[in-house]
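The structure appears right after this line, and notes come after that.
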Amino acid sequence: MSIVDEFNDYRSRMNDKITSSDNKVLKRIFNLDTNAFSEGALDRRTKEMLGLVSSMVLRCDDCIRYHLGKCKEEGLTTAQVYEIFAIANLVGGTIVIPHLRRAVEYWEALGEEDNG
Amino acid sequence: MSIVDEFNDYRSRMNDKITSSDNKVLKRIFNLDTNAFSEGALDRRTKEMLGLVSSMVLRCDDCIRYHLGKCKEEGLTTAQVYEIFAIANLVGGTIVIPHLRRAVEYWEALGEEDNG
Amino acid sequence: MSIVDEFNDYRSRMNDKITSSDNKVLKRIFNLDTNAFSEGALDRRTKEMLGLVSSMVLRCDDCIRYHLGKCKEEGLTTAQVYEIFAIANLVGGTIVIPHLRRAVEYWEALGEEDNG
Amino acid sequence: MSIVDEFNDYRSRMNDKITSSDNKVLKRIFNLDTNAFSEGALDRRTKEMLGLVSSMVLRCDDCIRYHLGKCKEEGLTTAQVYEIFAIANLVGGTIVIPHLRRAVEYWEALGEEDNG
Amino acid sequence: MSIVDEFNDYRSRMNDKITSSDNKVLKRIFNLDTNAFSEGALDRRTKEMLGLVSSMVLRCDDCIRYHLGKCKEEGLTTAQVYEIFAIANLVGGTIVIPHLRRAVEYWEALGEEDNG
Amino acid sequence: MSIVDEFNDYRSRMNDKITSSDNKVLKRIFNLDTNAFSEGALDRRTKEMLGLVSSMVLRCDDCIRYHLGKCKEEGLTTAQVYEIFAIANLVGGTIVIPHLRRAVEYWEALGEEDNG
């Protein structure tokens, strides 16, 4: 299984458990997530870029992977994704570089999926 | 070996190395940890909840695992633990969700230990 | 005007602006905040303590002030609040100490309000 | 002096000191900042939005102020800026709210400058 | 009163309150702080530099001020302090720059004290 | 393959991809990294210690591993490295302990390399 499928499988399986629990606050947080990234005064494409850069400066590998998948769906090019990486690594510092390495690996895996 | 045993084994083994080193400051930090979470003006149960929520907003998987184990020992129910998760994910944001997924998995593994 | 009133005034005034804006996601986040800290499987008093310790390890002075006000309302004693401070400064490190200093000042100001 | 002028004055004065020092690394970091946010595979407007959301999830008031000024120059509407705020407060959590309050105040001050 | 005196006065006054409280954990954290930065396998001068860079990447103005004062006492030159600033701003990112501006201001104020 | 080789291999391979991309900002960040840690008003040995403590308080395992390797090259003793660990765990808090455990494991692996 590719790192893309592995990530998506675990994510879906655990999210199902969480959203099928009795905790209303957690369920609403998940709903809000859908709302915040849907088309509005800003388009979805821009919002996914905002999600990606936020995930990277906050140094969360899984969040980066998720938004890289979405950025791929929105048709971002490699040059565009690298400019987001550059801003994240400048603003967030070189402490972000290990996450950059894993992001580059994942972005390539997403490309291979396309051609798979 | 379960994820619970794996975590506890590595943790004990490395903690032993650290506390048997010559560094007094590190040893005292480990002692302070025991003191801070012992019965006082607040009971142990409350303090373990404080430890869990702190670990989650600071996004440290191993710290979450440790305090989940302690919360289990203190008899917290799944509904109570989920309310702590909810506060952590609201205060700390959706960047905490990947840690929530792993926490849910670990909490379930702790339950299976009980029945093991 | 005391530091307590000054904080509450600014907070209320700006929150009103935000919740009267057209942004649904922000409004729902504010609603969720009320939900997450209301009575449930855990009581309100415990939840406010969770809010306080989270605010402190994340080093947010205004959030600390808000939860100190709530902890006062819930009847926490100074000894109890200091045990929360101790856990926050141990888990979060000495980088939290400047926030501890300001928290101690604010907690005293809350006491003077009582007697005012 | 408005909060906008006060911020810009202090910022310029101190940046001048730093960039006129002998430290090459610091000077190059300042140069890189200009490069990273200039037109490229992504336009300047998008990049300023990326800068704003990064500053907000990392909870840096001065950085937020700086990028709000730039977003104003790029012609972003209040509805658009609030959608960035919403994403930042969802991803970064309610711990971001105090920074949101100050951001709303600064955004309004920028509007008044326009009409001044 | 200079910003140096103002900082030191508030700091001493509040630290006295904290260390004269009944909370043993907090008192021991304060003691540990003295131990960790005293002469050992590494000299005091090196340790104060470690304290300064840690404070800066963690973005705590008061902690930066405290360690700048100590670095001054240890005889560090401006060129040396700027190299620490450079590492902190590279590792921690441009989000550190507002703290750098305030650190430069404080370092200058410390120099004026000398000549005062 | 040892954990040291595994880390270095992945790191080199991915860094090559990043520095051979067309993104100038990322390339310059990598260059700046070399500059910031080279001999200057402070020697390389001191700078590597600054890099290590920064990586530890910011809780980045890969960054810690990288700087531990460099500290080994600079001839730091175990007692000296442990004093850096102690400062990092005091300033950054017990939330750093899981990273300390992995750092101790890596430091030992570096020693075995020597004797390998």
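Order of writing sets the chain letters: A, B, C, D, E and F. Residues in each chain are counted from 1.
Rule of thumb we're sticking to: a contact is a pair of C-beta atoms (placed from the backbone, for glycine too) under 8 Å apart; a residue touches a chain by one contact, two chains touch by 3 or more.
Note that the coordinates shown come from a computational prediction; the quantities given were computed from them, not determined experimentally.
Engineer: Smallest number of touch links from chain A to reach chain C?
Structural biologist: Shortest path length, in steps: 1.
Engineer: Determine the set of chains touching chain A that also touch chain E.
Structural biologist: Joint contacts, listed by label: B, C, D, F.
Engineer: On a CA-centroid basis, which chain has its centre farthest from chain E's?
Structural biologist: Looking at centroid distances, A is the chain farthest away.
Engineer: Please determine the option from A-E, B-F or A-C whose contacts repeat those of A-B, over half of the contact pairs being identical by residue number.
Structural biologist: Comparing residue numbers across A-E, B-F or A-C, the repeat of A-B turns out to be B-F.
Engineer: Farthest from chain C by Cα centre, which chain is it? Let me know.
Structural biologist: With centres defined by C-alpha atoms, farthest from chain C sits F.
Engineer: Any chance you could check whether D-E or B-C wins on number of contacting C-beta pairs?
Structural biologist: Answer to which pair has more contacts is B-C.
Engineer: Measure off the straight-line distance from the CA centroid of chain D to the CA centroid of chain F, and report it in whole Å.
Structural biologist: Using C-alpha averages as centres, the distance is 31 Å.
Engineer: Rounded to the nearest whole Å, what is the centre-to-centre distance of chain A and chain F, using the mean of the C-alpha atoms as each centre?
Structural biologist: 27
Engineer: Compute the distance, rounded to whole Å, between the mean C-alpha positions of chain C and chain F.
Structural biologist: 37
Engineer: Could you pull out the residues of chain B that touch at least 2 other chains?
Structural biologist: In chain B, residues 25, 29, 32-33, 36, 54-55, 57-58, 63, 79, 82-83, 86-87, 89-92, 94-95 touch at least two other chains, as defined above.
Engineer: What kind of graph do the touching chains make: line, ring, star, complete, other?
Structural biologist: Basically all the chains touch each other, so complete.
Engineer: State the interface residues of chain A toward chain F in the complex, per the touch definition above.
Structural biologist: The touching residues are 59, 79, 82-83, 85-87, 89-90, 94-95, 97-98, 100-102, 104-105.
Engineer: For a test of understanding, state which residues of chain E touch chain F in their complex under the given definition.
Structural biologist: 29, 32-33, 36-37, 40-42, 46-47, 49-51, 53-55, 57-58, 63, 77, 79-80, 82-84, 86-88, 90-92
Engineer: What residues on chain C touch chain A, complex-wise?
Structural biologist: Counting only chain C, the residues touching chain A are 24-25, 28-29, 32, 35-36.
Engineer: Mind pulling up the chain D residues that touch chain E in the complex?
Structural biologist: 10-11, 14-15, 17-18, 21-23, 25-26, 29, 33, 54-55, 58, 60-63
Engineer: Considering only the defined contacts, which chain B positions touch chain D in the complex?
Structural biologist: Residues 57, 89-96 of chain B touch chain D in their complex.
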